[in-house]
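Paired with subunit B in one complex and with subunit C in the other, subunit A is shared by the two complexes that follow.
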Partner chain A sequence: MSAVGRVQQWATFGRMWYLFDAKWQNPFHSADKIKDILTGTHKPIYHDLNDCGDHVVVINSSDIALPGVEWEKRVYFHHTGYAKGASWTLAWELHHKDPTMILRKTVYSKLGKNLLRRGRMEKLHIFPDDKIPDSILENVSAQLRQMRPIPKRLDHYTREEVEKFPKVVPAQINLHLIGVPHTSI
Partner chain B sequence: MVITSPTLLARSRGADKYWKQRRILRLSAHYYGRRQNCYSIAIRSVRRALQYSTLHRRLNKVMYKTLWEGRINASCQELGTTYNDMYATMDQAGVALDRKILQNLAIWEPRSFRALALLTKAKQEEEGLNSLDGPVPAGVVTRGML
Partner chain C sequence: MATKLKLGHSLCTSLLTRVARKQLTVRNINTTASVFAIEARWTAPYLRDLAKRKKIMEEKGLFPQDKRSEYIEWNYDAELYAFGKRLQEEFEDEVLRAALTDASYIRQEIQRQQDLGVSSPALMMSSNEELSDGGAKVITDYSSKFLRAALPLFPEEGISAVTEYLSSEVVLAEVGFGIGLRDLILCQEHPPAPSTAARALQAVVGALHASSGLARTQAFVRDFVLAHLSGKDINSIWKVEDPMKVLSGILARSGCGEPEPRIIFQSGKNTIQAVYQVGIYTDKNFIGSGYGETVGEAVEQATHDALRRLFHTTDSTTPLPFGPAAADLTLKESSNLTLQDWSLEKAKNVVSC
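Entry: the complex of A and B
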C-alpha cells in the first residue's frame, strides 16, 4: 500500500473520539445526535456489522436541561428481579443520585434494541463535570456542535458592549439594573 | 423406464432416491448435527431455508435500499444537504443516477459525489426550494408585495 493509500485507509477507518459539552442542552435531542455517532450512521461506509462507530465523551452532564415539567414528571423504572422489587424514580431524584444516568438511559433507549447495543454503549463516556481522565482526554480528536445555543448572561457583557448596543430611547436616565454593568442609557 | 429383461423387472428404486436425497443433503452440508447427514431431518431444515430464500429476495431489495439511502444521507449531511432534498432535485437537474451508484460514488468517488451535491444545492436555490427568497409562484401574495 502506498503512503497516500495508507493515509486514506487510516482516515476512512480510524476511530474518532468526539467531545460533547452537554451544558444546558436537551438530553433527548442530544441523544439523537450521539446515537448516530455511536452507530456510525454519519459515515458513508456505514453498516451494522462494520463496527464503524466512534467514541463520544460527554462532559458537564450534571448541567443538562430537561424541557418543561420533565424533571418532575419523567419516571425511570427499575426492577431488582426479586419480588416487590419494582421502583419508579423521578428524573430529579435520579439526577441527584447519579448525574450521568439520565443521559446514559436516554442514549441506551434510542439505540437499536439488538445485541450491538451494549458494545455501542461502551463507546459512550459520560462525565458530570469537565474533569476527564488523561487517558481519555489524549484520545479526543474533535468536538460535536451543541444543538441548543447557550445565551450569554447579562452580567457577562462588558461595559463597552453595553454602551455600544443600539438604544431604543436615547434618554438621559441613570438606571441601576441588577446584574448589568452600571451605565447610563 | 425401459424393462428389457425379466431380471430388470425387479425394479431398483434405490438409485433415483439416492440422488434425490443427495440433492438435498448437498444443501445441508453446513448444518449442525444430524441435520446435515440424515435426510428425514435435513429435509425439514432445507425446505425452510429454501422458503426463506424465496421470500427474502423481496426483503433484500428493501434492506439494500435503506442502507444505500442512509449512506447517501450521511454524505449529504457532511455537505450541507439531506438525502430527500438531493434525490428530489436530481430529477429536476436531469441526473438519472440511482441509489446504488450514488452510494458507490459517496464511498469511492467522494469528489464526484460532492460535485453532484453542490449541483443539487445550486438547483434548489434556482428553483426556490426551501427558501423564502426567489420567485414567488403565481397567485400567491406575500407581505413584500403589499
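Entry: the complex of A and C
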C-alpha cells in the first residue's frame, strides 16, 4: 500500500467524537440519532462486520424533557433475581437517582441485540451537566444538531424586551405574569 | 492430450492409485460402497497427504517442473512462428531465434558436444546479447520520451526513476513471462531465471526493431512494457526526499511565500486512533492537504499532496494515454524541468498535450 493509501485508510476508519447537548431534548428521539452514530450506519463504509461506530459525548442529560405524562407513567422494571426481588421505578424517581440513566437505558434498548452492543455502549459518554473532563473534550471533533429548539421562557427575556413587545390588550395592573415583577407593568 | 515421456512424482502416484482402485473393482463384489462409488475411509486422508507432500516439495523447489519442450510433439519452429502471430508482429525467423537463445544455452551445448568427444564443436547459433542491448536502449529511450510527453510537469528525476523501474529486471521478467517466453527461451536453467527472461524480452524488442522498424517497436514497448504502469501509483515509484525543502524551494523560486502547515481537522486527540488533517497554505492560499496519525506525519503527507498537485500527478489526473489515444501523442525529446529549476513561472510555459 502506498503512503497516501495508508493515511487515507487511517482517516477513513478514524473515529469521530460528537458532542450532543441533551438540554430540553426528548431522550427517545435523541436515542434514535445517537444509535446511528454509535453503530456507524450513517457512514458509506458501514457493514455488519465493520467496526466503524463513532463516539458520542452527551452533556446536560439531567435537563432532558420527557413528553406528555412520561415522567409519571413510564416505569423501569428491575429484578434482583431473588424471590420478591422485582421492583418498579417511575421515570422521575430513576432520573432523581441517576440523571444519566434514562438516556443510557433508552440508547441501550435501541441498539441491536448482538455481541457488539456492549462495545457500542462504551462509546457513549453521558454527563449530567456541561462539566466534562478536558481529556474527553479535547477528543471532540464535531457537534450533533439538537432535535428540537430549546424553548425560551418569559423569565429568559430582559425587562426591556418584555416592555417593548407589542401588546394587543394592555396588561392589567393586577395580572400576575411569571417571572416579571408586578410593579414593572 | 500430450503423451509425456518423463513421469513426475505425482503422476506416478496417481497412476498407482488408479491401478489399485481398478484391482478392487475387478473382484466383482457389488457391495453398497462400490455401487454408490463411496471411497474407502483411508482414501481422502491419503490424497490429502499426497497433496501436502507435493506442496512441501514445491516449496523446496524439489518438485519436477513441467518442461513443455520435453513433450514428444513439441515443435519449436511452429512455436516461434505462433509467437509472432500471437503478438500480431512480423519477426524475421533467424533474428527471433537468436533473441530467444541465451548465452548459457550455447555454452552448455558446446560443453555437451565436447563431453561426447567432438573436438571442435560447430554450432550455428548466436546468443541474444547484442539484441538485448539494442532492445534495452529502445525501451529506455521510448519510455522516457513517452512519459515526458504524457506528464509534462513531472520533474525529470521522476521520469528517470520511472524509466529505471520499467527497465528493471522484475518488471521485464514479468512482462516476458506474461507473453509466454517461459517455454520459448533456450537457456541452461529451467524455469528461466528472471534475469534471463528480462534479457530475452529486451532481445525480443531488439529483434522486432531489426525486423519491423522503430514505429512498430515503440508501439510494442508501449503496449507491453509501459502498460505495466496502468493502475499503479506513479508517486510511490518515485518519492520526493525531504518534500518540505523541495516545496519551499519551488515556492521561493515562484515568488510565493513560505509554505505554512495548519491543522484543519482533528479527532480523538487523546486516543490511540487520533486523526489529524493538515492543510498547506502559501500567502493564505490552500495548496494541499494530507492525513496522519500524528501532526508530523500529516504535515509530510500534506506536503507530498501539494507537490502532487503542482506536478499534476494526483489520483484525479488523466490516465496515461494508451491504445488509440497514444497515437496522437507527440514524443518529447527534451528533458522536463528538474526539481532544482521547477517553478510556477517555468511550468506555465510547458505545453501540455
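Criterion: the second predicted complex is superposed on the first by the 145 of 185 C-alpha atoms of A that agree within 3 Å, B and C clash if a C-alpha of one lies under 4 Å from a C-alpha of the other, contacts with A are read in each partner's own complex, and residues count from 1 in each chain.
Simple rule for what comes next: a contact is a pair of C-beta atoms (placed from the backbone, for glycine too) under 8 Å apart; a residue touches a chain by one contact, two chains touch by 3 or more.
All values derive from a computational prediction rather than experimental measurement.
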{"item": "Which of subunit B and subunit C A:143 touches, first, second, both or neither", "value": "neither"}
{"item": "Touching partner for A:16 - first (subunit B), second (subunit C), both, neither", "value": "second"}
{"item": "Partner chain in contact with A:4 - subunit B first, subunit C second, else both or neither", "value": "second"}
{"item": "Touched partner set for A:135, first subunit B, second subunit C, both or neither", "value": "second"}
{"item": "Touched partner set for A:87, first subunit B, second subunit C, both or neither", "value": "neither"}
{"item": "Greater subunit A contact set [subunit C / subunit B]", "value": "C"}
{"item": "Subunit B versus subunit C as contact partner of A:45, first or second or both or neither", "value": "first"}
{"item": "Subunit B/subunit C common contact set on subunit A", "value": "none"}
{"item": "Residue ranges of subunit A in contact with subunit C within the complex", "value": "2-5, 7-8, 10-11, 13-17, 55, 135-136, 138-139, 141-142"}
{"item": "Residue numbers on subunit B that touch subunit A, as the complex places them", "value": "67, 70-72, 74-75, 77-78, 103, 106-107, 110"}
{"item": "Subunit C to subunit A touching residues, read off their complex", "value": "233, 235-236, 239, 265-271, 273-275, 277, 290-293, 297-298, 301, 304-305"}
{"item": "Of subunit A, residues touching subunit B in the complex", "value": "41-47"}
